[in-house]
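The same subunit A turns up in both complexes below, where it pairs with subunit B and then with subunit C.
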Partner chain A sequence: MEPILKVEGLTKLFPVKKQKLLEERRFVHAVEDVSFEVYQGGTLGIVGESGSGKSTLARAILALTPVTSGSVFYQGEDITNFRVGAAGKRRLRSELQMVFQDPYASLNPRMKIGEAIVEPMLINGQAKTRAEAREKACHLLETVGLRPEVYDRFPYEFSGGQRQRIGIVRALSVNPKLLFCDESVSALDVSVQAQILNLFNELKERFHLTYVFIGHDLAVIRYISDQILVMYLGKIMEIAPYDQLFGEHTHPYTQALVSAVPEPSTAGRSQRILLEGDIPSPVNPPRGCRFCNRCFQAEEICRQEEPQMIKTGERHWIRCHFAKPAH
Partner chain B sequence: MATIVEFKNYSMGFRDDDGTVYNLLDRISFRVEEGKALGVVGESGCGKSMTSLSMMRLLPDGAVVQGGEILMEGKNILDMSGQEMQALRGNKLSMIFQEPMTALNPVLTIGQQIGEILTLHHPELKKQEVRSRVLEALEEVGIAHPETRIDQYPHEFSGGMRQRVMIAMAVINHPALLIADEPTTALDVTIQAQILDVMRRLKKASGGLMVITHNLGVVAEICEEVVVMYAGQAIERGTLKAIFDNPIHPYTQGLMASVPTIRSEKKPLYTIPGTVPTVYDFVPGCRFADRCQHCSERCMKEVPPMRQAGEDHLVQCWRSDDR
Partner chain C sequence: MLRFLLRRLGRGVLTIFVSVTLVFFIVRAMPSDPVALMISPQMTEEAQQALIQAYGLDKPISVQYILYMKELLHGNLGTSFAKRIPVTEYLAQKLPWTLLLLAAVMVIVILIGIPTGLLAAAHKGRLADRVISVIVTMGISVFIPFMAFLLLFIFSFRLGVSPTGGAYTPPKAQGMAYYLDVARHLVLPAVTLSITNLANAVLYTRNSMIDVLREDYIRTAYSKGNSRGRVLRVHALKNALIPTVTVIGMQIGFMVGGATVTETIFSWPGVGRLVYDSVNALDYPSLQGAFLLMAVAIVVMSFLTDIVVAWLDPRIKLGE
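So, the complex of A and B:
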């Protein structure tokens, strides 16, 4: 079966403004050499901290920012930078959608939320008339638990959780097949987060969606995903099924991440792994493994040579010199 | 065990433009003890920030104190003069704010900012002494190369480092009470783990710690005692073990059940139906009533009394001993 989305060697570098004329050009290595596949109906979780490149990765795939190198394939077709002609581009913008992180910043404060929802429908052709669009919008609002009367209200009249639902409706209004959710529940209270996560699961079933869920909360990402990508400083450190992210046979960074998650329980904790220092700047990534400066298992080879992705199991890859290859 | 601070039936509200006062905090009572950390847990609108601001007497305009007392080492904070409060803040009573990225003055070195807290309350100290104490404080919070960092500016520090600076500022005068308002929310998870570690170490050295957060995991990491707040009411309180192992109030139960953990099963998360009411919609009784599956007539009309549900466990709920 062919993956619905395939990313190959995606790299995105941002040039850093030169301070002096004859200085060597430096780059922010936001995303480097990222490759993965997503299958229809699945949910890929991408987890990482600041500077990991996860948001830039999503934007590059959706051609919201041009890639530096690498390719993106959607349903087998090369859609890198959405260079597919006007009609093709419109189709892609409908089929690949995004729900943004900040429910307070992603809605135009001067537009009624109903207008914000119908606008993409009218542009992309999912509705021919305003009346038709409005009917569809109201129907979708009900699907996410909002009353159709809210169509004529402005964003400031809604809470964070409600705005997030509106953002979801806006993304769904154009009949997407692939939905990117960038930190879509991070700004929400715990109980509202639970409601939205359940909603995401219901909508996936109902609308036959495929998700790419980006976040930093490992518990949330694990809950919603089948497969998880762990990113650090622009590179993928590990790809694993959600239930194989724990234990010693994972990347040291993954172990540190898992260990760092504060658990709401009184059960005794095993020794916590505390990483030294800060996340380094993606402007000058360390030579060798990106994680070598903070890794508790680092050895000389790690500082000299960058590890490749090693397959350690069915659908499980680890970028580490000490990963045990599957036999 | 000495009590550092005690809230006794404290109430406050907000005055609307037309003069009507809407109550928010409804007779909340709890205490923080020496050497212990109390977690104040709740979601948006529960009043936890107002609680800490009340403690510091830094309430916003329009806020009205409606009753009760806040006792600090036996004296009522609400009766203190502006001057007395100034002497307390940064000295015996200290706060770490939520957003380390923006809480520091960008045009002063961190050495100057931390030093200022020291000289404000100890004007007799000489420059050299101030500097060496600041260096000590930086080391205590785990900032490497303090001799270099002391003369740097906030923009030269990462989020996690800035939070350590905030903590250094807050503890340099060995406060009797340290309030931390969502101290790790804006930080990456591995940095959060480092900060929690710093706080755990400092807790042993200082008086009492009050951690305000919506993150149950953070509470479990550093608090011994917990008070759960909902819509301005303190609905359950007790030891960490009592609350986490045996939550009684339906809101507390709902909150615990709705958080996915690393080991959660993949079934729909429990969700509390409805949404948090605003100050304009509060009912006279228990404010959680309309979202509660056990709601009765009485719940809507009368606020239940705090009753003892176990050793070190109090809950404000009409549901009696049948659970």
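So, the complex of A and C:
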């Protein structure tokens, strides 16, 4: 089966402003050599600390920031930087949508809810007339549990959870096939998070969506994903099916992340792995393995040589010198 | 809404009262005696006394103040010492010219300033932005009287394309010719007065555009498939205009009081020129009238600005 989204060697570097005239040009290595595939109907979760390049990766795929190198394929077609002509661009801007992180900042405060939802439909041709768009918008608002009367109100009148529903309606209004959720529940209260996550699951069935779900909370990611990609300092550390991520054979970084997930039990919890130090500067990533200076298993080879992705099982890859390859 | 109106009205009246009182005493603190200027030595003793009494200048300052405030409540601004006509009439003659100048300046500021600020923000850090920023800095720092004389020297003296002063060439022409004549006279003072205002408008528009373009909802707008032009004009500009509107509103209020230096250099018969003439003639009532006009204009404009800003930004609720 052909993947709906395929990313190959995607790299995004941001130039660092020069301090001195003759200084060598330096770059922030936000995303480096990232490759993965997403299949129709699946949900890919992407986890990592702040600054690991998760959001940049999503923005680069959606051409909201230009790609430095690498390619993005959608349904087999090369769509890197959306260089596909005006009609193709309109199609991509409706089939690939994003629900953003901060529901407070990502809605234009001067635009009524209805206008914000209707605008992309009119631009991308999902509705011919304003009346048709309005009807569709009201229907979608009801689908996510909002009353259609909100159409003529401004964003500041709503709570975070309501705004995130509005953001979801905005994304759904153009009949997307692939929906990127960039930390879409991180800014919400835990009880509201659960509501929105359930909504995402419902909508997935109803609209036949494929998700790329970005977050830093493993518990949330595990709940919604079937394949999980672990990023650290711009690189993929591990790609694993959701049920193997919490198993025995995983990347040391993943183990540290997993051990940090709170467990709702009174039994003595398994030992926590505490990482020392901070995430290193992405301008000057460590030689060898990206994770070597914080890894509890690091040995000399980790500081000298960068490990490759090693296939350790069915749909399971680990970037570690000590990973056991599958037979 | 009613509470908001009443509160703003109360505050406005208080502002005007304080300003009128301050101006009344500051004007009288000038180290000269208007009586000496008004009265010629040829006048008889009785005629001199009659004149002094007619203007109330024989009474102590506190009594003069109470009389002035009393008359002010009846809408009487007094009689000009120099022109011997009611101050309201004197101001009414000058105000339209200042308003004409003001309108010309605002047209220039809005039609040129906002698009230029937008252009600079859209090309932030690149050549167009740098050139605009340098010109804006020059516009803010230039000494306006110097600019006025430079323009006069180039366009009126050297090139001879522009009149040297006044608002029209006497005798007054008829119909279209008159309007064209006024327009020709209007160009130099309007350009001079626009420089600082224009630079401010560009600067405010540029800076707030740059702030707004960093907002998350701008990325949302791109992800909806909006073109760059539409994102800039529809999504960003409306949000970015709020500081610019505030600045322009306050500038309008201030300029109703006349641009004394510019109007004087170009002999423009507006309120600013009236202020200059009144200081020279120690014409207390006219000066007080001009400053009262300015205070009222500033109060009214700040009120209107608040209403426009509340309309631009739905998050602002008046009266809360």
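Just so it is clear, the second predicted complex is superposed on the first by the 324 of 327 C-alpha atoms of A that agree within 3 Å, B and C clash if a C-alpha of one lies under 4 Å from a C-alpha of the other, contacts with A are read in each partner's own complex, and residues count from 1 in each chain.
In the analysis below, a residue touches a chain if its C-beta (ideal position, glycine included) is under 8 Å from a C-beta of that chain, and two chains touch if they have at least 3 such contacts.
Just so we're clear, the structure is a prediction, and the values are computed from it rather than from any experiment.
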Report task. Put subunit B and subunit C onto subunit A via the superposition and say whether they clash or fit. Result -> fit
Query raised in the report: Is A:N201 touching the first partner subunit B, the second partner subunit C, both, or neither of them?
Result: first
Report task. Check whether A:S106 is in contact with subunit B, with subunit C, with both or with neither, and answer first, second, both or neither. Result -> second
Query raised in the report: Now for A:V7: first (subunit B), second (subunit C), both, or neither, which partner does it touch?
Result: neither
Report task. Tell me which of subunit B and subunit C touches more residues of subunit A. Result -> B
Query raised in the report: Between subunit B (first) and subunit C (second), which, if any, makes contact with A:A30: first, second, both or neither?
Result: neither
Report task. Using the superposition on chain A described above, determine whether A:N124 touches subunit B (first), subunit C (second), both, or neither. Result -> second
Query raised in the report: Which partner does A:I236 reach: the first (subunit B), the second (subunit C), both, or neither?
Result: neither
Query raised in the report: Which of the two partners, first being subunit B and second being subunit C, lies in contact with A:S159: first, second, both, or neither?
Result: first
Query raised in the report: Which partner does A:L209 contact after superposing on A: first (subunit B), second (subunit C), both, neither?
Result: neither
Query raised in the report: Measuring by CA atoms in the overlay, how small does the subunit B-subunit C distance get, in Å?
Result: 8
Query raised in the report: Once bound in the complex, which stretches of subunit A touch subunit B?
Result: 49-50, 159-161, 189-195, 197-198, 201, 216-220, 222-223, 246, 256-266, 272, 274-275, 277-279
Report summary line: Counting only contacts in the complex, subunit B reaches subunit A at residues 43-44, 144, 158-161, 188-194, 196-197, 214-221, 240-241, 244-245, 254-256, 258-262, 264, 266, 268-272, 275-276
Report summary line: Interface with subunit C, subunit A side, in the complex: residues 59, 62, 64, 89-90, 93-94, 97-98, 100-102, 105-111, 119-120, 123-124, 154, 156, 167, 170, 174
Report summary line: Per the touch rule above, subunit C residues touching subunit A in the complex are 215-217, 219-226, 235, 238-239, 312-315
